[in-house]
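Read from first to last, the chains carry the letters A, B, C and D; within each, the first residue is number 1.
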Amino acid sequence: MSEQNGEIRIGFYVCHCGHNIANIVDVAAVARYVAGLPHVVVSREYKYMCSDPGQELLRQDIHDHRLNRIVVASCSPLLHEQTFRTATAKAGVNPFYFQMVNIRENVSWVHEDPAEATLKARDLARAAVRRVAAHKALQPKTVSINPDVLVVGGGIAGIHAALTLANAGKKVTLVERAPTIGGHMAMFDKTFPTLDCAACILTPKMSAVKNHPNITLWTYAEVTKVDGFVGNYTVTVKHKPRYVKEDLCVGCLECIDACVYKEAKVPDEFNRGLGKRKPIYIPFPQATPQVVLIDPETCIAVKSGKCKRTCVEKCDRLAIDLDQKESFDEITVGTIILATGFKTFDPKRVSYYGYGRYPNVYISLEAERLINASGPTSGELILRDGRRPKTVGIVHCVGSRDKNTHRWCSRTCCMYSLKLAHLLKEHSGAEVYNFYIDIRAAGKAYEEFYDKLLEENVHFIRGRVAEVTDWAVIPEEEGKLIIRVEDTMIGVVRRIPVDMVVLAVGMEPQSDAQEVRRLFNISCSTEGFFLERHPKLAPVDTFTDGIFIAGACQGPKDIPDSVAQAGAAAAQALMLIDSGEIKLEPNTAYLTEQNCSGCKSCINLCPYHAISYLDDKHRASINEALCKGCGTCVASCPSGAIHQNLFEDEEIYSEIDGLLAERSPESTAV
Amino acid sequence: MKYLYYPGCSLKSTGRPYDESLRAVFAALGIELTELDDWNCCGATAYASIDENQAFGLAARNLAIAEAAVTDGPPTIVAPCSACFLVLTKTQRYFEDYDHVRDGVTRELAAAGLTYRGHVKVRHPLDILIHDVGLPAIAKLVQHQMKGLHVASYYGCQVVRPFATFDDPLYPTSMDAIMRSLGAETVDWPLKTRCCGGSLSGTIKEAGLRLNQHLLVEALRKGSDLVVTCCPLCQFNLECFQKQINKNYDERISLPIMYFTQLMGLAFGIPEKELGIRRLFIDPLPVIGALKGGVPAHV
Amino acid sequence: MSDKPKVGFYWCASCGGCEESIVDLAEDILGVLDAVDIRLWPVAMDFKRSDVEAMADRELAVTFLNGAIRTSEQEEMARILRRKSGLLIAYGSCAHLGGIPGLANQFPREEILRFVYEQSPTTENTEKIRPLTSAEDQGRKTTLPKFFTMVRSLDQIVEVDYYLPGCPPTPKLLLNAVTAILKGELPPKGSVLAPDTALCDECPRRDSKPVDLQIPEFHRPHQVVIDPALCILSQGVVCMGPATRGGCEAACPAGNMPCTGCSGPTSGVADQGAKILSCLAASSSPKEEDEIRRVLEGIPDPVGTFYRYALPTSILRRKRMPAETPQAHQ
Amino acid sequence: MDRQQTSDSSGTWQPKIIAFFCNWCTYTAADLAGVSRMKHDSHFRIIRVMCSGRVDPQFVIDAFARGADGVLIGGCHPGDCHYMEGNYKALRRFHLLSRMLMSMGIEQDRFRLEWISASEGEKVRTVINDMVRRIRALGPLRLPAGLAELDGELKTREEEILHV
């Protein structure tokens, strides 16, 4: 019953949204005003339009009043447009005969003067009423979903997402740019608050990834290009040369022993430079895959060719290939999960903490490696200068909660600092001081862990550390690092001499987060983490359909939260895959051929090559399957021959006219 | 490279060696400094606490003259004295950021028949040397490598705080980098921006002397042969009270305190007469000349 | 009196080119003369306003009116002819779109009068005498038409039945129109009697235009030697062809000059200038702000370039001149 | 009633700004400003488009001609376009169009293009407040009313003309 004899019959509904709208906007006045506009048959106000009774009201009116156009003035269309379109369709009216007016985010929440807000709400409503009259019935475009999934990032979030999907029977490609998966978690010694050994709980999952029949694991690889759209992405992956044939290497490590470098001389990335490795190496013993690689910057053979190549000789599987070049693979997937993680704050930015100047100032990840049994000191707490610390100071909030660096709380530092305090004390018997602003221990069994630390006689000094210095004022300070801090509990400036300083560095976006988000066509929030579609209700979705985010790439997160998010992202992907298809906004461009002069102006404007030129007809032609609906060609067509569904010229003109049209006398008397 | 030069009062009195050596070194580097015609007192830090409006007006007069003096490109003032640099920078910032300051300054200047549009850049010689000249150009001019000389760079507070326009506010390194390009070794000491007492030495003497004692003792403890600085007041405090510090606190300090431009000049082979070396109370030449590869005292 | 349909030709603010274009029919004009009875043609024969006023309503089967409306007399004649004609046809760019005279809508009326009567280099008028709408001399009152504040197209004054586009319309379009009128095979009222596709469709250079055109620089026609075989736009010279209605058989590009837009936009476009602006800006290649500015400076006068014929019928119609109010008297 | 004379309840003139916001960035940022309750001037009306590249210069001109005192286009930062390059097309059109508008007597401050990413709710507020302030300083544009006044010079009554 979409159209009766071409007569346009509009139903208008203004939502109170509880008090959210009605407190500022005089909804009754808006409803009265709209009732007087042309084609409006029904005009109502209602408490919650998105509720079941609200939608039922709509359905009943469509039936009773033979409505064929619906306008709802409520919240943002980004939130509820789909809800009302569905309700409209259920009542038998084409869902695209619906138009939404945003009078909450755009009006009641941002304006304070009720008269102005009401006036604005009326203007917007009038524009929508005019616009909807120009609407056309449309059919949503349906596309099928390729069931294969790409997971980018092989930290705990990526691993968990990949395994979840693979266990559900989906084919997953996991791309990790480091030579091994494991991410930051693989570097940790223990995890808070349970003090599980990080490796013990992570490595089984790493090998599960490697061995899963449904997972293709590509390490030392990066995504370089992403084309397509939800359900149908084409992704190009670059494999960086490891100079070792991954399929031949069995990880016997004999080549490493055979290297012409007898001693390991190169700072080793995994141990944050605290240990050394050779030019041919494996990142750490449990690295997955168990494949060695060669660092071209330090390998003499790769750099100059002048080497005896003892490693090549040693490998009887002929896995070493010093001429290996980068190679590319192209895969097609339907959905993508980004779990690209975070970067630790570089404390050199806060020069007054002395990192890089005083050897005994460490960052937390270095401390993790120092106490790890497989770390560079085999778990012995030996400082860079060879001493064993008797006192340790842990400085919280380094690069967090600070206007000069990052304003946000990194969420994990308090807890890992407590964990490190416990572990450092356990390993060395040292006195441990924590310098904190607040202890944020919000999590299951977190506060209890804090209590436990208090009982362990770890010292807590509340104050933001001013500086770490080696300037000794009294003999007891000689040879120590002095932490200068205002102890806000007692209101004095204190100087605490320590042997070792651990900086609890915060979490920040990966340095290439901006490039990555451009590659995948998603957004970043102000601080540079990937932006979720909705902070509460769609925390793992992005504004690009079919692309999900998980873990610390979305914001600072600890392991349980990252795993939970990874599971959620996998579930979102599964939802798409199992429904088999997705309905897309039918906002594509189309051409009226009789108006086209074949001027070719539009052809090159389309970034998706959706427009081609038909040589025989001398006309342009739009492939609606390729069109993503930006409308750039529509705005450009000098003949007015290209149009856009949902955003027709006529619809936008109606909106402009509606917004600026003369007001009825009633409207000024708010 | 051409800049307007704002010496300020110190460089015409106690800080003359700074003025002389800076001009000599900049000339050697091919930088043209034109002294701002008819400049006046920057107001230093004291005036603002008496009358903010007049203080801004006073400092802004220099900016207005500078703006009028340059027709090609944005006018840049080089201000070597830390207090002048701070006050002029602050005036420029506040003029940009605060309507009431802009209006006040405009009114004050109008009374003197001047206008200011806010186009002047205020820069410190260290900034010019690091960012415009560059270390390689400095290294190229060095005739006498300062090999084996241990230099402590002392920045004081005002050149980097609160406006860190060219270096880290708490751990600046620009002067150290210049010293290294002369061949000297720089000592990493934590007090490079710690207080020299400023005018306390003249008011609450005990406090001022203590602060200077800390600096001198720590510089020596870190093995410094001499201290270079970029601030006339710091130089004065650190150099002139050594005798009294020795007497009051039973120290035996005799540490040359010189302007960084003086050491640059010596390294460049500029005659010491042009660098105001003789104006210093503690002669640095013996420690410099004593070093292998250093500069003989007669240069 | 013959029973052939009576036809009128009339001119308002125009250059006379449209009148000449009728003669351009050459020998075809004889056929036209056989078929119709020309009852009004001031450019060829003397007519008085009273002669027209004396006609019965709709006595003229069809009137071809060329020229824009700039004076009160033109307005009045347009209204009279509307009443006396069965069909009123806006003939040529000026009547259709406002035309070249319409560019005067960028200037205040006073400025125009001052220039023309006082400042133009060829004017000597030390007493600064201006025309008056009425004056008395030796007891006799004479009047002159009022000079309006702005130029208008014909349809901004009276209802127009059809439009013949072009500056001037080509003989072929005129002949087609006359034939259609005589045969009674006219399209819906309000139509432009020319194809509704843009010029490129009939341009001999069409096939030379690359599909991936990105314009790195804009040039004016006198700054470059235009290759006679290649698409003019692809040579960086602004050609209005993509945004201009065809029907002229691309006469200008065929003569190695860019289209300047005299036939106005196609029916899908409200504002010819805005559309070619949109198309050209989108098709130019720079991305950096300064570079964009520099390249687009290659079009020094966007109004004169994009609205050469259609300023009075564009969406804005006239430059905004805030201080001016319409004047009742000259 | 004159559609130009938009006034508030106290009768003083208030500007009307039409804002074309890209769905993916500025429109989302405006939503964020809403969710964050960032209060700002109310004298603008948003039209949502999928991309700043969809904003046909005709829409901008039409808005002015129908009585807008200002037009704002909000798009994604350069390099961030959801459709790769639509914002560059918008930028180039903007430059040419603002020059054209200026020669048609429409002041520069009345037409503005801003890059506002989805996370920049605060920027929505500052841009809108600033634009309203500038347009208040310029006063009403009055295009339709101005033209209507000029049309008063025409004789619409035929009796005045036809002396028959």
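The rule is short, and it goes like this: a residue touches a chain if its C-beta (ideal position, glycine included) is under 8 Å from a C-beta of that chain, and two chains touch if they have at least 3 such contacts.
Quick caveat: nothing in here was measured; it's all calculated off a predicted structure.
Comparing the centres of all chains, each the average of its CA atoms, the largest separation from chain B belongs to C.
When the C-beta contacts at A-B and at C-D are tallied, the pair with the greater total is C-D. Centre-to-centre separation between chain A and chain B, using Cα means, comes to 47 Å. Inter-chain spacing, taken between the CA centroids of chain C and chain D, is 30 Å. Chain centres here are Cα averages; for chain B and chain C they lie 72 Å apart.
Centroid to centroid, with C-alpha atoms defining each point, chain B and chain D lie 52 Å apart.
For chain C, residues touching at least two other chains, in rising order: 269, 275, 278, 282.
Residue numbers of chain A whose C-beta contacts span two or more other chains: 605, 632, 635-636. Contact between chains, using the touch rule, shows up for A-B, A-C, A-D, C-D.
Interface residues of chain C facing chain D in the complex, by the touch rule stated above, are 53-54, 72, 75-76, 79-80, 83, 106, 146, 148-150, 157, 269-271, 273-275, 277-278, 280-282, 284, 286-287, 289, 292-293, 296, 299, 301-303, 306, 314-322, 325-328.
Every residue of chain D that touches chain C in the complex is listed here, in rising order: 53, 56-58, 60-62, 64-65, 78, 88-89, 91-93, 95-97, 99-100, 103-106, 141-143, 146-147, 149-150, 152-155, 158, 161-164. Across the complex, chain A is touched by residues 196-201, 206, 209-214, 241-243, 246, 265-269, 275-276, 278-279, 282-283 of chain C. Only residues 76-78, 102, 104-107, 109-113, 115-117, 119-120, 123-124, 127, 518, 521, 523-526, 531, 543-544, 587, 605, 607-608, 628-632, 634-636, 644, 647, 649, 652-653, 655-657, 659-663, 665, 668, 670 of chain A touch chain D when the two sit together in their complex.
Looking at the complex, you find that chain D touches chain A at residues 1-3, 7-9, 14, 16, 18, 23-25, 27-28, 30-31, 33-35, 37-40, 42-43, 45-51, 53-59, 62-63, 66-68, 79-80, 82-86, 89, 93, 117-120, 125.
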